[in-house]
Amino acid sequence: MLIDHYNKVRQHSLRLAEPLSDEDCGAQSMPDASPVKWHLAHTTWFFETFILESMEAAFAPFHPAFRVLFNSYYNGVGEKHPRAQRGLLTRPGMDVVRAYRANVDARIARLLAGELARGERERLTMLLALGLEHEQQHQELLLTDVKHLLAQSALFPAYLDNAAPPAPQAAQSTAWLAFDGGLAQIGHVGDGFCFDNELPRHPQYVAPFELASALVTNGEYLAFIEAGGYRTAHLWLAEGWDWVRSQQLACPLYWQRDDAGHWQEFTLFGLRPLDWQAPATHLSLFEADAYAHWAGARLPTEAEWEVAAQGVAVEVGQLHPAAGAPGTGLRQMFGRCWQWTSSSYAPYPGYRTAPGALGEYNGKFMLNQYVLRGSSCATPAGHARASYRNFFPAGARWQFTGIRLARQVE
Amino acid sequence: MLIDHYNKVRQHSLRLAEPLSDEDCGAQSMPDASPVKWHLAHTTWFFETFILESMEAAFAPFHPAFRVLFNSYYNGVGEKHPRAQRGLLTRPGMDVVRAYRANVDARIARLLAGELARGERERLTMLLALGLEHEQQHQELLLTDVKHLLAQSALFPAYLDNAAPPAPQAAQSTAWLAFDGGLAQIGHVGDGFCFDNELPRHPQYVAPFELASALVTNGEYLAFIEAGGYRTAHLWLAEGWDWVRSQQLACPLYWQRDDAGHWQEFTLFGLRPLDWQAPATHLSLFEADAYAHWAGARLPTEAEWEVAAQGVAVEVGQLHPAAGAPGTGLRQMFGRCWQWTSSSYAPYPGYRTAPGALGEYNGKFMLNQYVLRGSSCATPAGHARASYRNFFPAGARWQFTGIRLARQVE
Amino acid sequence: MLIDHYNKVRQHSLRLAEPLSDEDCGAQSMPDASPVKWHLAHTTWFFETFILESMEAAFAPFHPAFRVLFNSYYNGVGEKHPRAQRGLLTRPGMDVVRAYRANVDARIARLLAGELARGERERLTMLLALGLEHEQQHQELLLTDVKHLLAQSALFPAYLDNAAPPAPQAAQSTAWLAFDGGLAQIGHVGDGFCFDNELPRHPQYVAPFELASALVTNGEYLAFIEAGGYRTAHLWLAEGWDWVRSQQLACPLYWQRDDAGHWQEFTLFGLRPLDWQAPATHLSLFEADAYAHWAGARLPTEAEWEVAAQGVAVEVGQLHPAAGAPGTGLRQMFGRCWQWTSSSYAPYPGYRTAPGALGEYNGKFMLNQYVLRGSSCATPAGHARASYRNFFPAGARWQFTGIRLARQVE
Amino acid sequence: MLIDHYNKVRQHSLRLAEPLSDEDCGAQSMPDASPVKWHLAHTTWFFETFILESMEAAFAPFHPAFRVLFNSYYNGVGEKHPRAQRGLLTRPGMDVVRAYRANVDARIARLLAGELARGERERLTMLLALGLEHEQQHQELLLTDVKHLLAQSALFPAYLDNAAPPAPQAAQSTAWLAFDGGLAQIGHVGDGFCFDNELPRHPQYVAPFELASALVTNGEYLAFIEAGGYRTAHLWLAEGWDWVRSQQLACPLYWQRDDAGHWQEFTLFGLRPLDWQAPATHLSLFEADAYAHWAGARLPTEAEWEVAAQGVAVEVGQLHPAAGAPGTGLRQMFGRCWQWTSSSYAPYPGYRTAPGALGEYNGKFMLNQYVLRGSSCATPAGHARASYRNFFPAGARWQFTGIRLARQVE
């Protein structure tokens, strides 16, 4: 039943906030990140604005100010609270936001249970699916944003302080896997949900290439650091070199050395020794590209990645990933780290946006951003697929982002 | 008894936080303002660091990280958490900060009740007095900072939503009062507490001058606005004109018009119609100076203000000020608004700072700041006196700051 | 003879500086633009550093400091004078830079006339070709940069004050021209010179599309302005809308209204009435994309543009363009304005950079820049071709950049 | 004759520009500094705007655009060319500016030679005096600004490359000289010219104090550096410490070490070894205050400085200073370095500005600036006096600014 799926996804968001105090839920560590409370309210605003406002018989907003307060970037809906000031919204409090969620959930349930014309029900079903996928995207952001917030603290608090952190990974060798070239079909196919940016499915010519069977590990990335990677200009894109120098960077976000010189990493389980076999993560595209350059390889294009992923089972990562299957087959395509591609985020040929404010969902961001493929340890179950296109600016590091290498066939 | 005074001042801080949620207490609206929680913790840190650390027999900190987290600006104590990121300290939570306060209060009480050498007890008495005056300064800042935070909200929440707001003021005329010139004695005198910046008392020549019997009212300030004051370059200091233009200012902080065009003011009681007889407040030195220029007058020097204030009874303002005494005598010297002077904040001749980190309390700020005299509606009872020197940069507006005019005797 | 071509290109640079005073040649109007003097010196530095330094028998630099002063962005060569401070290089003066040019020219001539091993001569020929194409790129930049400089002046001086400005264009209709889809070959082919970023030639699948027969005119662009284009959020990319709003833009760079409200344009011939039939220019990618959106079309991809351009004769634009051929055939592909494409600047599959510092020429800029195709009125004769890839960030407006529309075949 | 004085001062400005190329005269190294050409034009604009415009019979401007281009900060005159873009004014060229100067000079001479009503002649005399003192102020700025410009060059060119640099100073001991306290008269007295900020003369109480007989030398300042002065927080004002840290400063402006580790100083004679006996210069108030703190002394107030200077002969410094008189008397009050005082720049009691735009000359800058007394090696002959008040913000270093210590009498 749709209502069961709705309730399950909605409850998962609240469960993610459970380990946190109301104070934790209100703070914003940087303009790119949002408070947990804001995520909980904005995802609710999405259902209220795009479904209830047009489909409810006698629509009255839960609170008139919320239309502005919890609008993220939809100019078509009207004014927006300034993004960098979301952490100042101490009112409404978490209790009011929880009531807001319960109120909207009840109204959605009522709408679903009621009578609707055929076209209306189809539209409702479509919008609910979109709203739930939207909420799942925010579930991942909620985790990356709260990790970034907690990392600002000198106390290095663990988000999950009762759970056992993942066991260290066993060493596995990485191999180059060859893929034939040719005219491939790229983009979503089938009846399942997809975002508009995955359409239309279309032909794209791909030359023969090789892809690494696994992600770059922390140990491999350390070798790059120790070889002076962060100090070697010719490995970097021009903008990347400026970025490294102006911020004086020398390692991934969340890495630090303890007083004895041992590398540690801040995780959702607190500060922990680095697991050298685990995939390196929290890397920018600049770092991924420089690493690939240093390793004599390159990043895959998104078409190459998708060609390779077609037919691979989606591995649910979450925060307790099962160890990958052994062997030299294609591993870690899903459930570990989003994988930077060299492809700028652009519309597929014939791409169309939805009419109205929902048309702002994806299309207007197709500039100066780069596509990431796969999924991460923080991606909710059921949200990933081979045609999924995630995207971030080249300097973003607070997402669970890593490196899968590619290379040209000689 | 000293311990009673200690407990009373300390409890007052907690009482000020009572109308607020934990979420309200954690947010920071701008780098100049601090979260309520931070004020509560920092004032406690002051007692722990400057008293317990050196006087307690077997000193152990309540939490080792607090030494850094709640240090405001004392380089002599060591590292400091970045000022602009105080709002990210969701840990420790308010419950831990309340426990911190209780712990330090108990240890101070034990220290006071115990045996101490004569010199040690004197030192303890002196440091406790300083710590309590310090806490009173933060009580006022707590109120100005929370007002600034709540003003960022589109909901315009009232800090005091159960209390009755002050009744409108009755109209009273303002007169010019003449003061003789001569060699005056400036600075603190007597046995009571004073900060080091009020010493030494010293002679200063003051020419004859006249002082306005009352503060500039909202109604008088409105006339300046309506006469185009914010658009008239020649009224402003050069830096003030740049400030007005770059921020596109046209009225005091917290003034706004409602949809019908009526002026309103955001207050600790929420958004309210302006009281035209009440003193205009939340003005920068730039605005105060331009107003004075427009009115054909000038701001007083701090010496002039102090000469006039010597012998005036200190009126307790707090947030429910009693109406000022009628007549043409000197009114509103205390308890309404801090009054900008034209004097830059500088050491008195022969000024000496305390040894060690406490020497950073005042002296190092004696540059590019201007002296304010009197006290405001938010100043705690017992904290004001004629020789008290408050100081802020010329552009500060979030304090309760207003204008008393002076003029030269022709 | 190669030396004749060398001398001709080199002299053309000096000729471009002739209408300017030494003062004009020294100033830098923004970090993205360089002084004319710097262009003259840097192009010379290129020959000295990449040819003479390695091939001259007893190499001694013309001036040891020039290696740093006139290095643009080659980290492999060493330190660089800060880009934003090129306008502070009043020393060396223009006379010294002219002597520098003469000195290097004589040494290049001597090298060419002397004996060289077979491999050495081939390398010299290749490097000279690269150096001359590099100089031609700077000839265009010299013109766009001096135009930007002169535009800062309240005097609106003409660069060419003795020359007759171009006559107004005759009206011509624009048609949609259809192109078949299929697997196209993209990239440079043949023996002529090309930059490394045009290689390797490779297959790319292109769906059927239509291309406008001519560029968007000033008159057409005015209609967009008058329809409120600069105030309509949904037409713009998210980053473009921020760009428009933060800079408060309402028309192309160099457009302004005179006191009577008539539109004028600052040109290299001074301030002139707009020619409504001429191609609109000095547009950012943001503006080009919003215009296309408003017009119900889109920008072409670089592959589409190249497919259409294959076989089109290169029209020499320069600053006195001959009128385009009449009819509905493909016009204005070259010689008018560089044409924004929707393609981000990225390496072709199998792209390889040159070894050493020359490898920095193109590859390291392949991020957050967008490809422009064609050539402009300021492109030197012989420099353009169908496979040429120009590139700039999306907000750049000071180049001669315009719009050719494309659309999907329904 | 007034005309002779006029011509002499005016010609001196041109003479100062003689060692420079037109290119040197056009560049602007930072917003605080102006191009030499701009100084030459602005000082001429001053005569044209404030004298010719109101007194010439049939006034017509030399060029209508110059009223805006060469207005520095007089809002009462109208619009101003943006300060930070003065270096982009390649037009008018130096030749036109020279013609502008000659034109205005001829018109001033005609006005002076003609008939004028009694009041008009008095007004003309007063305005000419002001204009010439204004020009002398810019003569000093011209030198400090061109020094700053040349210092940006990796070639370290000498402004005076034909002149012999000053010989090293002989060592002389510095003594503390005692001054009685009491009610002093401060401000200009007598018939000579003074600026409005030196008036009115007024009584000020000064406590007994001691003043150093000479300026702090380079050698003494080096001891402060070597004692870790730039790394010791408690020596600095809070704002000074932020300034040192954010700019990572470790020595005075223009000091640098050569490859062998020897200290050198960039001067108007080029890069030269430091003269350890010469006064340390190009110091900010922050550095002066920290040095004084370290030395167990303080900076004088401007009243103390003026009390000490009353009766001291004004030494003409220029750029070839004669060695100071030997002995322990008060030396180097004039002609070496401007001497920072601890006094913020504020109006004297009863200060009045001139009516109209000339009222903007001094008064509007009386905030967040600090007074310097004396004169420097770059001050023109006849321009200095005991009551002269120079002023700059605390962080300014590109003027010839140094340190004279004071201390309290115990």
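All chains are identified by letter, namely A, B, C and D, in their written order; residue positions are counted from 1 within each chain.
Here is the rule we go by: a residue touches a chain if its C-beta (ideal position, glycine included) is under 8 Å from a C-beta of that chain, and two chains touch if they have at least 3 such contacts.
The shown structure was predicted, so the numbers you read here are calculated from the model rather than taken from an experiment.
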item	value
Shared chain contacts [subunit A and subunit B, defined touch]	none
Greatest separation from subunit B - chain, by CA centre	C
Where subunit C and subunit D are represented by their mean Cα positions, the distance between them in whole Å	46
Distance between the centres, which are taken as Cα means, of subunit C and subunit B, whole angstrom	59
Subunit B and subunit D: spacing of chain centres that average the CA atoms, whole Å	38
Category of the chain touch graph - line, ring, star, complete, other	ring
Touch relationships between chains, expressed as pairs	A-B, A-C, B-D, C-D
Of all residues in subunit D, those that touch subunit C in their complex	21-27, 29, 65, 68-69, 81, 85, 87-94, 149-150, 152-155, 157
Residues of subunit C that touch subunit A when the two form their complex	73, 75-76, 183, 202-205, 207, 233-234, 236-241, 285, 342-344, 346-347, 349-350, 359-360, 364-368, 394, 408
